[in-house]
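Dropping the structure in here first, questions after.
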Amino acid sequence: MEFTAEMIAAFIGGEIVGNKEAKVWSMGKIEEGKEGEISFLSNPKYEKYIYDSGASIVIVNKSFEPERPVRPTMIKVDNAYECFAKLLDLYVANLPRKKGVSKMAAIAEGVQLDEDAYVGEFSVISEGVKLGKKVSIYPQVYIGDNVTIGDDVILYPGVKIYKDCVIGNRVIIHSGTVVGADGFGFAPVGDTYKKIPQVGNVIIEDDVEIGANTCVDRATMGSTIIHKGVKLDNLVQIAHNVTVGDNTVIAAEAGIAGSTHIGKNCMFGGQSATTGHLHIGDRVVIASRGAVMSDIEDNTSWMGAPALPTVRARRAHIIYSKLPEIYKTIADLEKKVEELSKK
Amino acid sequence: MEFTAEMIAAFIGGEIVGNKEAKVWSMGKIEEGKEGEISFLSNPKYEKYIYDSGASIVIVNKSFEPERPVRPTMIKVDNAYECFAKLLDLYVANLPRKKGVSKMAAIAEGVQLDEDAYVGEFSVISEGVKLGKKVSIYPQVYIGDNVTIGDDVILYPGVKIYKDCVIGNRVIIHSGTVVGADGFGFAPVGDTYKKIPQVGNVIIEDDVEIGANTCVDRATMGSTIIHKGVKLDNLVQIAHNVTVGDNTVIAAEAGIAGSTHIGKNCMFGGQSATTGHLHIGDRVVIASRGAVMSDIEDNTSWMGAPALPTVRARRAHIIYSKLPEIYKTIADLEKKVEELSKK
Amino acid sequence: MEFTAEMIAAFIGGEIVGNKEAKVWSMGKIEEGKEGEISFLSNPKYEKYIYDSGASIVIVNKSFEPERPVRPTMIKVDNAYECFAKLLDLYVANLPRKKGVSKMAAIAEGVQLDEDAYVGEFSVISEGVKLGKKVSIYPQVYIGDNVTIGDDVILYPGVKIYKDCVIGNRVIIHSGTVVGADGFGFAPVGDTYKKIPQVGNVIIEDDVEIGANTCVDRATMGSTIIHKGVKLDNLVQIAHNVTVGDNTVIAAEAGIAGSTHIGKNCMFGGQSATTGHLHIGDRVVIASRGAVMSDIEDNTSWMGAPALPTVRARRAHIIYSKLPEIYKTIADLEKKVEELSKK
């Protein structure tokens, strides 16, 4: 797809400054602009890049007044960032979608595929699987027995979903992620351990996105539940019987231990963690590397390991970093008090 | 499979209170009980759920005396939890096992498969591989050259085992786990690094279970060894030349650095770690997020980063959380001593 | 391949002590030596193992003077470690390389494969992919549309590379690693989140090695770049728009958040991390578990969470571990000052 400045200006309602025939077929950052790319200038910090940017077109705010000649064609609009985001959405919406069912996929008898389904090579769709409309199942995906998959789901190459799990509508799961492996449950028997069967499943509700190489374990009994709108990053661990509330966001390498319940609209930073069997409220913020070891109320913010309320954690850390000086101060005090006592 | 209360009561030796014709075909938690499910009540904390539980049958202790009518059929036994666990084992033992060798698997010439083997679609079994009896190799598994696999092993979809590794009997490995990738060994050569060839292997002994997306690297020379009965959770890193002693349990996202030797019956919490070349004794407990940086004796318990003995770590952390107040106390003391000195 | 002591001594220029007909076909560690293995003795700490080592041949320094008879044949050289490394390289260089293109791979029309290419079973090479010379693509690998792969690249089983990514020459990527999954970018819209399209790619330059189950996310726009000579261990997270400078080494389970730029020849320890949008200089060392939360200058060394300069971090931690005693000291001081004040 190739667009001229004129076509884009008409679409986003902007005014062209420069060559209205300038052509673009890709999107880029203003500081790395290449020919054929459209970019935007919103943050004044990046203004210095526009004058000689290699981009062919740059969308700018009406208020932008260049200090010297600008190389790319400009399109002036009320809100450059919003217009660019609109174009980005349009660009992505128009990318060709993979289609068709590969003859090199292994699809169990009886599985219904609608005409818009994409199933890539070497994917396995097992017995009893129910697929929604317009699913995109990339190559090398595994879908176990009796799994249910909603409409418009995208499973990237190599996703593995164990039997009996349920995936909602518009769910996106990236490569290498494993949904429904056995929870880590063992009962001690003398010095050894006996496996506790994990007969539950995983339920992933609508509009969830899960990154790459993440693990969501099946429940011992009942369900591990990722509620609607949740976003999980890469390499996240969600243990058995965890529930994650609507629209909660969990960043990379975080780990939620077994049977912990996380509320709605929480944010967990990278490498953060909780121990098991906790109740975390709604709108809770856990900083990166935060380690939660007790229940947490709604609308609170935590940091550190073990986690403290953020303000306290920040202050404690600042003082921690001064411990060498504080240690000396205390030693000095001891000496002085000793001397005073002698007098 | 469908069972009546009468059949179950006969099997576990219990007494029915309620409808002896009640039928179940699944197992569930009492607080989420659904029709057709059997559940149990052991912890009095959950007693409140039994009265209106949707479960069809609940196993209870003989000592349980309901305060009001109970909706589900009850089966009274001496130990409700044990009886339920017995049923759970029975249930799982009776789940149909996958069987047969897919024509869409790539199996090297000369590889012997016994009649009970299961090999799923798009799995690769390379030259020189030796398979035990009754192996379950799910789809998309890779088994490299000259790998040895014991009896009753289960490899879930997408497991990758590099060449020359040895897997014992009754080992279970979940999806996405990689056994035998190269250890992270590089020798500095000026500003760059030269790869140190990793010519060893990985040995996984009997009765080990490994979670999803875990990595066990091959040894530089010799073997990385996961001894019998070890349980590794998801996303665990086991570096080259590590040995993990019998029945040690390592929770999710933990990392054991190169050449560290871990003793028997240890427990490592989630996201815990050790540096390399350490000797960790037997029956050592490392708390979640603990970071071990020196050798550790048998029968000790550690916490924190760097790890301290648990009792000391707990006390140090409590005081840490009070650092803002302590800092103020010290400042006050300084002032007072200053004043006293002046007098 | 089987070699005699005589052949090896001739190759490395050494002097044989013992049976010049001793045969070896494998390499091992002196403390675990088995028949048919060649080993080396360099570190005097291991001298005790040589006398009864099961190895058939041991390379030793000329300066080594045994205290009693040595069982294996010895080859004396100027530098035992270097000679052994030379043999190791030779051994690995002579291992048979996989060859040929499997008929069970799915290769898009128009993809050019040179005669030295290896493509294993159930791998997918999509439309527009450009492959260099002598690539080794193991089974079950996925290479998305328009990916470029350099010469002598090794992709181990199950590697997934999303569309449009660029892989340089002599790059090695281990099993389960995902290159080019979407960056974790979402814009809040009321209580929910809207996906920000990730239209950039990943560029991996020459001589990079990446371990197993690591994730390198594609850029939102532009490129996530792993510069030449970088070594990433297992289970590492590299977020969108990160750049990692030449020859930087990042150990297992580390995580680099979005848009952070890391300089050349840095070292990141296991489970270390940075927050996003940082600039880390050249030759920076971050200890294991270090958590970097601000920009860092060249040639500095950091430890702890949040990271402090290493010397300060070490001292602060030592004092931290004494906090229980310090707390008591302060309480004692308070009491004494109180008493002094009263007088």
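By written order: A, B and C. Residues from 1 in each chain.
Definition applied: a contact is a pair of C-beta atoms (placed from the backbone, for glycine too) under 8 Å apart; a residue touches a chain by one contact, two chains touch by 3 or more.
Please read these numbers as outputs of a predicted model, since none were measured by experiment.
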Practice task
Sort the chain contact graph into one of these: line, ring, star, complete or other.
Solution key: complete
Handout entry: C-alpha-based rotation, chain B on chain C, 0 to 180 degrees, nearest 5
Key = 120
Problem - Interface residue overlap between copies chain A and chain C, same or different (over half shared) - result: different
Problem - Centre-of-Cα separation between chain C and chain A, whole angstrom - result: 25
Fill in the blank from the handout: By the touch definition above, chain A meets two or more other chains at residues 122, 140, 158, 176, 213, 235, 253, 271, 305, 320, 326, 330, 333, 337, 340
Exercise for the section: Write out the stretch or stretches of chain C touching chain A in their complex. Expected result: 106, 122, 124, 140, 142, 144, 158, 160, 162, 176, 178, 181-182, 184, 186-187, 191-193, 195-197, 199, 213-215, 217, 221-222, 235, 237, 239, 253, 255, 257, 271, 273, 275, 291, 305-306, 308, 312, 315-316, 319-320, 326, 329-330, 333, 336-337, 340
Practice task
Spell out the part of chain C that touches chain B in their complex, as residue ranges.
Solution key: 27-29, 32, 85, 88-89, 91-92, 102, 104, 120-122, 138-140, 156-158, 172, 174-176, 207, 209, 211-213, 229, 231, 233-235, 246-247, 249, 251-253, 264-265, 270-271, 288-289, 305, 317, 320-321, 323-324, 326-327, 330, 333-334, 337, 340-341
